[in-house]
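Presented sequentially are two complexes of chain A, the first with chain B as partner and the second with chain C.
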Partner chain A sequence: MLTTELIGAWFSVFLTLGIISYLYDDNPFYKAAEHIFVGVSAGYWVSLFFWTQVQPNLFGRLWPRLTEGTEYGFFHRLWYGIYNILGSINSGIFPENGIEGHPEIRMIYLIPLILGIFMLLRLVPKVGWLARWAIAYIVGMAAGLRFYGFLNSDVMEQIKSTTINFSGDWIVLINGIIMVVGTLTGLLYFFFSKEHTGVFGKLSKIGIYFLMISFGASFGFAVMGRISLLIGRFDDLIKYSGREYHNATFWLLALMILLLFVWAFTGKKEQDKATA
Partner chain B sequence: MNKRALIMAGIGAVIILIYFQLLKAGYIFREGNEPMFVAIILVSLTILYYTDRAKRGEEIYLRPIAGLTALEEAVGRATEMGKSVLFVPGIMDMDQVETVSGLIILGYVAEMTAQYEAGLNVPVSKSIVMEAARETCKESYLKQGRPDQYYDDMVHYLTDDQFAYAAGVNGIMLREKPAACFYQGKFYAESLILAETGNSIGAIQIAGTGSPSQIPFFVTACDYTLIGEEFFTASAYLSKRPELLGSIKGQDIVKLLVMICMVIVFIASGLHHNGWIDFDILTLFTSR
Partner chain C sequence: MKKFIDIIIKLGSVDRRYIFVLVGLSVLIPLIYPLEIPIRPTQQSQDVFNAIDALPPNSKVLVSFEYGPSTKPEIHPMSMALLRQLFGKGFKVYATALWPDGIFMSNDAFAIMETEFPLEYGVDYVNLGFKPGNEAVVKGIASDIRTLYTTDARLNQISNIPMMEGINDVSDFDFVFSLSAGYPGTKEWVQYACDPHNIPMSTGCTSIQVTEVLPYVANGQVKGILAGMPGAAEYEKLINHPGKATGRMAAQSFAHLVIVAFIIFGNITYFVQRKREQKK
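And now, the complex of A and B:
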């Protein structure tokens, strides 16, 4: 019987094999899988951002749900008058009496709302320059925030980490000394205003060796992670090759190989014709 | 020590003094973050001092970085081959320092593509990055006197999804076969996928990122890689603006101070652990 699970399984196998088929050139299967992936995900993220961020966290804070039986003043009535106009346009986004989730109006959220509108004004060429204000705010705010964060985590914590317990065993002690030497020589490599020659050059070279060793370890670790991802995909392919899924993997694999063979053959013929 | 250094030191001392007075009085500042406050003032004033020196005309030496000198070579190669240049500014938003650095490099690359009349393709994964990148490219083309060559679609949005973005960029690489690929920004697991594809099409590749976990992949698959801070200093290297060059020198001095602190902590904590001194130096570096 044709169930959603069965259709999903066949589609999943098709997309997996389509993406893997990238190993054999930029073929139509890869193109199809890529375009579906990009298009669907772009739409999905827009929807996700709107319903998890913009609607509950922005509109929800500006127009929280009104408590029944409470008398509200002029400002509230005016403010929710605007909301009701928006609600008459789309009651899904702006449900009656406000949005659930936040206890009181937070007018400070007008700033992100205005900056967001500025970003959208890019569509109007005459006032498109206003988008720069929003970008400037994001960059400036992020620079200030990160400065504190980096100074704390990358500098202060690093200084504190150079401590070694001399009363510990030899292995810990040697390990600690190696870490300190690696950190200091690694830092020397990142001196830009001094020429890397002589003793300084040699020390910075030791630093780069430490960096390369750490990169190697990181590379190996990440490759192991990727292998586990690959195993995950193969697990699914094996699962969907079963009888309950009508041998989806086998059928689609055979079909794709056949079609790729035809595509490669005709493509080559066309290429030969073009070069002739 | 010259007069300006003394003035800076004086300013720093006064600020720190006021801070501790206010802290004692219980106004504005809360207790527990004293080390961070002092560190921020020290770092800021050091950088400010060297920026000031550079602005006053002091020549600042910067050691050459191969990856940066290769940028022009890569664009030149693309122009000679009649192919485009692909620039990937990472997958994160403008609130990441790497993305901002990446866009500064994009500005420089766009100036070169405008000058050499080479094609430029910038796929992005965040809408705000798209806007910022468009502004950057537009300005670069204007600066080179080629506004006619600029068009909005040279910077285009693909998707926010990490692997869908990687698949999309891969597709662009396979179809357009750019002669030069630049990966400058914040990257995660897609780094190797992108760099491997670029390698397979024979493009000259220059990467730059501050993500330590992704540097190994770029080192493996790219021709040149700007490692960590090399990437952040690129804007100063490329622009040669005195205030930026001065800030690099200032940062080097900050690094030297950090190294001195490390050695002091190393020795003092060792003595403390062995019971030779009572004072635990780590308390000086601990914030709440």
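And now, the complex of A and C:
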């Protein structure tokens, strides 16, 4: 029986094999899988952000649900008059009587609404410069927000951790010394106001060795991560090769190999014609 | 000898696709024919276990799901092992997601947990769901959770959920655990919530993130770390419940052996070739 799970399994196998086929060569299966991935991701993110952020948190705060039986003043009626016009365009986004979730109107949210509109004005060349205001706000806010976090957790706390603990045993002491030497020489390597010669050059060279060890560790972990992902995909391919999924892996693999063979053969022929 | 060196040099310039096939087979064969390999927990995994094990009864633990299907093989086994330990000890679990796909991962994990433990939603665990905003969400949880979340993932009003009583910000939790696959993730929890409010936290993250998080672990800002799939397998061993990660460790180990062999071989070829060119 054709179920969503079965269709999903076949589609998953097709995309996995399509991506893996790149290891052979850049081919139509890979391109199809790549384009589907990019398109679906973009659509998914836009839809998700709109329905989890813009609609409930922005529109929802500007036009919260009206309480039944309450008498509202002129401002409210005017404000919800605008809302009703928007509602007549799309009642899914702007349902009747306001959006559920927030108790009162928060006019401060007009600022992000305006900045959001400014951002979209990038698409209109004449007034595109207005987008800079929105970008300036984002950059300023992000810098301010991150400044404290980095200063506290990554600078102050990390400096503290490089101090040598003389009260511990000799292993702790040696570890502390290695940490201090590694940190200082690593930092010296990135000091470019002085030529890296003499004692300074030797110290910065020690720094390079520490950095290389660190990059080696990062590379090792990166390989481990990639292999884990490969295991995940292979696990699914093995699962979907079963009878309950109508041997999706085997069928699609055979079909792909056959079509890739034809594609490679015809491609080679065309190439030969072009060079002839 | 010359012939032997010629062979080595020739093998050094072998088509990379043969290497891909060999690495692929080294992963595939142990998955089809599983092998049991011994797993010994590292100190970092043990530290995570000890930190959670030492929590008092009825502790409130915030678990953040910051991963998606692409990193599921590495992180999901950790989630399962961690939730088994938390529910096994009767702790209250509050789930949140900084990644949109995180909510699917948490739903999947809780669905399995419900088959293993007698859990009641809203009493034993709550899923607050995904909120976009990256570090702003972490900061929101740190300062005022009720402004950020008015409803949970099932659209229940937060004020109607029994276990949310008395929960206003991150300092109302006894422990934070970040299941992280990148940004936003462990780093943001350390910087914006746990360091400023002095809340103990731990993490289970993808291998690629480990070197980024290790300085926090070394300094005690993060209590231990579950590093990639081996970390998950070690944790399964610690809670005495072998799962998917344990079964996949043979494939991981074999693939590593093949890659290491190729790295060594590549280096030998490089030096042999360089020596020959110098002689010329």
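The working rule: the second predicted complex is superposed on the first by the 271 of 276 C-alpha atoms of A that agree within 3 Å, B and C clash if a C-alpha of one lies under 4 Å from a C-alpha of the other, contacts with A are read in each partner's own complex, and residues count from 1 in each chain.
Basically, contacts are C-beta pairs under 8 Å (C-beta built on N, C-alpha and C of every residue); 3 or more make two chains touch, one makes a residue touch a chain.
As the structure is a prediction and not an experimental result, all values here were calculated from the model.
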{"item": "Partner with the higher number of touched chain A residues, chain C or chain B", "value": "B"}
{"item": "First, second, both or neither for A:Q53, with chain B first and chain C second", "value": "second"}
{"item": "First (chain B), second (chain C), both or neither touched by A:S228", "value": "second"}
{"item": "First (chain B), second (chain C), both or neither touched by A:I257", "value": "neither"}
{"item": "Touching partner for A:I114 - first (chain B), second (chain C), both, neither", "value": "neither"}
{"item": "Chain B versus chain C as contact partner of A:S218, first or second or both or neither", "value": "both"}
{"item": "Intersection of chain A interface sets (partners chain B, chain C)", "value": "44-45, 49, 145-146, 148, 152, 158, 160, 214, 218, 222, 225"}
{"item": "List of chain A residues in touch with chain C within their complex", "value": "23-24, 44-45, 48-49, 52-53, 101-102, 145-146, 148-150, 152-154, 157-158, 160-161, 214, 217-218, 221-225, 227-232, 234-235, 238"}
{"item": "Residues on chain A engaged by chain B in the complex (per definition of touch)", "value": "19, 22, 25-26, 30-31, 33-35, 37-42, 44-45, 49, 119, 122, 131-132, 134-135, 138-139, 141-143, 145-148, 151-152, 155-156, 158-160, 162-167, 180, 183-184, 187-188, 190-196, 211, 214-216, 218-219, 222, 225-226"}
{"item": "Complex contacts: residues of chain B adjacent to chain A", "value": "35-36, 39-40, 43, 60-63, 65, 93-97, 100, 127-128, 131-132, 135, 157-161, 163-165, 167-168, 170-171, 174-175, 189, 192, 212-213, 215-217, 219-220, 227-230, 233, 248-249, 251-252, 255-256, 258-259, 261-263, 265-266, 269-270, 273-274, 282, 285-287"}
{"item": "Residues of chain C touching chain A in the complex", "value": "17, 20, 23-24, 27-28, 31-32, 70-74, 100, 130-133, 135-136, 139, 150-151, 188, 190-192, 195-196, 206-211, 215-216, 218-219, 221, 227-230, 244, 248, 251-252, 255-256, 259"}
